[in-house]
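We call the chains A, B, C, D, E and F, going by the order they appear; numbering starts again at 1 in every chain.
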Amino acid sequence: MSSAHQHLTHIDEAGAARMVDVSAKDVTTRTARATGRVLVAPRVVELLRGEGVPKGDALGVARVAGIMGAKRTPDLVPLCHPLSISGVTVDLEVADDAVEITATVRTNDRTGVEMEALTAVAVAALTVVDMVKAVDKGAVVTDVRVEEKTGGKSGDWHRP
Amino acid sequence: MSSAHQHLTHIDEAGAARMVDVSAKDVTTRTARATGRVLVAPRVVELLRGEGVPKGDALGVARVAGIMGAKRTPDLVPLCHPLSISGVTVDLEVADDAVEITATVRTNDRTGVEMEALTAVAVAALTVVDMVKAVDKGAVVTDVRVEEKTGGKSGDWHRP
Amino acid sequence: MSSAHQHLTHIDEAGAARMVDVSAKDVTTRTARATGRVLVAPRVVELLRGEGVPKGDALGVARVAGIMGAKRTPDLVPLCHPLSISGVTVDLEVADDAVEITATVRTNDRTGVEMEALTAVAVAALTVVDMVKAVDKGAVVTDVRVEEKTGGKSGDWHRP
Amino acid sequence: MSSAHQHLTHIDEAGAARMVDVSAKDVTTRTARATGRVLVAPRVVELLRGEGVPKGDALGVARVAGIMGAKRTPDLVPLCHPLSISGVTVDLEVADDAVEITATVRTNDRTGVEMEALTAVAVAALTVVDMVKAVDKGAVVTDVRVEEKTGGKSGDWHRP
Amino acid sequence: MSSAHQHLTHIDEAGAARMVDVSAKDVTTRTARATGRVLVAPRVVELLRGEGVPKGDALGVARVAGIMGAKRTPDLVPLCHPLSISGVTVDLEVADDAVEITATVRTNDRTGVEMEALTAVAVAALTVVDMVKAVDKGAVVTDVRVEEKTGGKSGDWHRP
Amino acid sequence: MSSAHQHLTHIDEAGAARMVDVSAKDVTTRTARATGRVLVAPRVVELLRGEGVPKGDALGVARVAGIMGAKRTPDLVPLCHPLSISGVTVDLEVADDAVEITATVRTNDRTGVEMEALTAVAVAALTVVDMVKAVDKGAVVTDVRVEEKTGGKSGDWHRP
């Protein structure tokens, strides 16, 4: 990365926050995929797998929350641009000690959707915590991160 | 914890999601404190500490985003009750390899504010990621969790 | 009903809209139940019942949308008071020619939750239409109405 | 309609909800017109027609609510795309036993505005119910449906 | 005013913004009245008075926008508490060179509604500007200020 | 200005409000700059300048509020189109008797961003009032107005 990028672009030379002007950037198809995990107690894993009780809507609610969360990104993250999101998927899987979450977001717009994918994961994760908290007060949201992005001038990026 | 609590309260016996009725619970003062971290590259730590450049608004923007995020919790987490939040603080500190975030939320209402505190941390963390992403695409939000809660019928709780 | 009630309370004597002052009303437990239906084609009924394909999240998505919709009522209906909703359930059943929706909302507040229950039904119904529209462009939302309310000075009411 | 369309597009093959990817669709001018009715008591019809009292803002409030409701569609209907709405009209007429509502929405975007038109009608209708409920608790929202759409790959459609 | 009040309460001793804790304050009836003006060209005054054309919804739209704006205050002003608003009126009058706006807001809550009244005036004023801007690009929003407040520990206040 | 423009475009010939159809307008780069002032007491000026106390986040909070406010414009101003905002800056300066606010908004879209720039100024101004109100109940928001706009069919405009 060139030294020209070695500063916080959202902060101007005087230290003031701004929404960076992207009007000169091209409208292209861009995608981002982010992941995260909610660490939960063994009893929660059993309940989410439906052992002994109806599995029910729990993961479905978190999936919807994540999709809707992606759309709320510019309301939540102050310097994010409002974006024309063209597709979102959120996948939740119950592992042995955690719920694993993956979100993929697509756009045709002037800036990337990494923040939208991360927000989808974060909101889905918070929703999982909300639903399990009567059984497990200690659930932890962890490892929320971008895995890859495609499109845009800076090109594709994959987590090393 | 009694076995009576060993199910997902937000899901009824048929598996359907619901917003649990709290109308019979008492209005009491309740608090929750949550923490989390954003793992960042060394160059980001330097920039956030203002080494060689104006430190600027960056942490202040994340703090405001976290406070506003706490207020948006019922819009984001589907089964959360709208709550009368009576106070929010969000603290951000730059450690050697991370930004450490702590949020404390207070209410006088019928249900706890753990989700509001977690949402404040998560939104502040997402905002940090957004502001550093031009320098560090690999930032990771991690260890977002409730540390303690007070008030309400279930009483105080501290992470063991 | 006394003649004192025979005017539009949300419109003052000069014809101007206002949010009626409820500060002198008592905080009591109030409930409202509303119902509605989405008329759909036979093929949609089969799909929602899971005949030949995974039934999937469809009704669960509409249920979550209805619960969240109840919370958005004061954002949507201009003269509605923001309310402390204490519980929401939304039930969807697939009948032979329709999806039947019932929403029940509870509060401890100074005004009733009829509008919140109706909004929950309407948003759940719109969500059903959205999900079936690739198969059935002609779906119709119909019979959205309050069935009963309890609590408050005007007392209980049941649809005759 | 080809069999390829005979499934719920918003639900994937495993039954999970998703926001369908529309990034490959063309940006074209699209319109949708939806209608609906609020059945009201005779006394309400008189009041809305201004017989003996100022007619006032009542229908105007519902019209504004409908226009604003169209803009909130992606916040309410979980799997709807955020859209660049380019025009909205909402018309309300007082018939002998009902308020008749028509909404027309236009866009230049990658997907249709049927849901925006339906949401405009539904929110306007809920607002009418809210304004008349002190006089008529039994008002019913009914026959909310798309009448026609134009534009897009699937072409024009008129209710048969 | 005592020196104890001579600091910015929303900023702590280290300079960080916070939502001040009001949980120890009493729930009382509080009101606030704010006013403001939109300076407009003579042609706009004629149009708003309906000279030669239908006066139409213009002031009604601004009134609704102001009422809804009051409810959005905690979404807009970062350190404002979410409040249980119990009543809002917004009045607009066409003077010879301006539209005069007055908003009155009531609550039963732990903190005052001055910001809600100001936000109602500001949003109504912005809406007036939006509606007249095709005729008068130079409209100015001015003199937006609290006129009086009642209730709460600090008691009543009237602009000197 | 031609007589064709001498009416309120947001109101149709029958007096009904509408969101004007802009689908035939070109997507071009458009900007708007608006300004405003918050008149404050001398003690507030000292506090905002950090005389004797930490200056802290106060202006930074107002700046963030203004940027986020620009994005909320179509939620607040009923007949505004949702817009693809491509950049926002908000500048606050402490003068001898006021806080001076300037907002600049850019878009690539079919309609101008004057309302977005005005909303950014208004929300930043309301936030300043909120932060100083414990010290100065009498703060006044004034002179909120468009200074210039560029782009679009009607071309550039500068306040005379």
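As a working rule, contacts are C-beta pairs under 8 Å (C-beta built on N, C-alpha and C of every residue); 3 or more make two chains touch, one makes a residue touch a chain.
Chains and their UniProt names: A, B, C, D, E, F = Cyclic pyranopterin monophosphate synthase.
Quantities reported herein were computed from a predicted structural model and do not represent experimental measurements.
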item: Touching both chain A and chain C (chains); value: B, D
item: Most widely separated chain from chain D, with each centre as the mean of CA atoms; value: B
item: Interface residue overlap between copies chain A and chain B, same or different (over half shared); value: same
item: Same-interface partner of A-D, chosen from the options E-F, A-C or A-F, over half of the pairs matching; value: A-F
item: Between C-D and B-E, the pair with more C-beta contacts; value: C-D
item: Distance between chain centroids, defined by C-alpha means - chain D, chain F (Å); value: 31
item: Separation of mean Cα positions, chain D and chain B [Å, integer]; value: 36
item: Shared interface positions of chain C, touching two or more other chains; value: 12, 16-17, 57, 60-61, 63-65, 68, 72, 75, 78-79, 82, 84
item: Graph class of chain-chain contacts, one of line, ring, star, complete, other; value: other
item: Which chain pairs touch, all of them; value: A-B, A-C, A-D, A-F, B-C, B-E, B-F, C-D, C-E, D-E, D-F, E-F
item: Residues of chain A touching chain C in the complex; value: 57, 60-61, 63-65, 68
item: Contact footprint of chain A on chain F as seen in their complex; value: 29, 60, 63-64, 67-68, 70-72, 82-91, 106-108
item: Residues of chain D touching chain C in the complex; value: 1, 5-17, 36, 43, 47, 53-58, 60-61, 64-65, 68-69, 72, 75-80, 114-115, 118-119, 122-123, 125-127, 129-135, 137-146, 149, 157, 159-160
item: Chain A-touching residues of chain D, taken from the complex the two chains share; value: 12, 16-23, 74-75, 78-79, 81-82, 84, 109-110
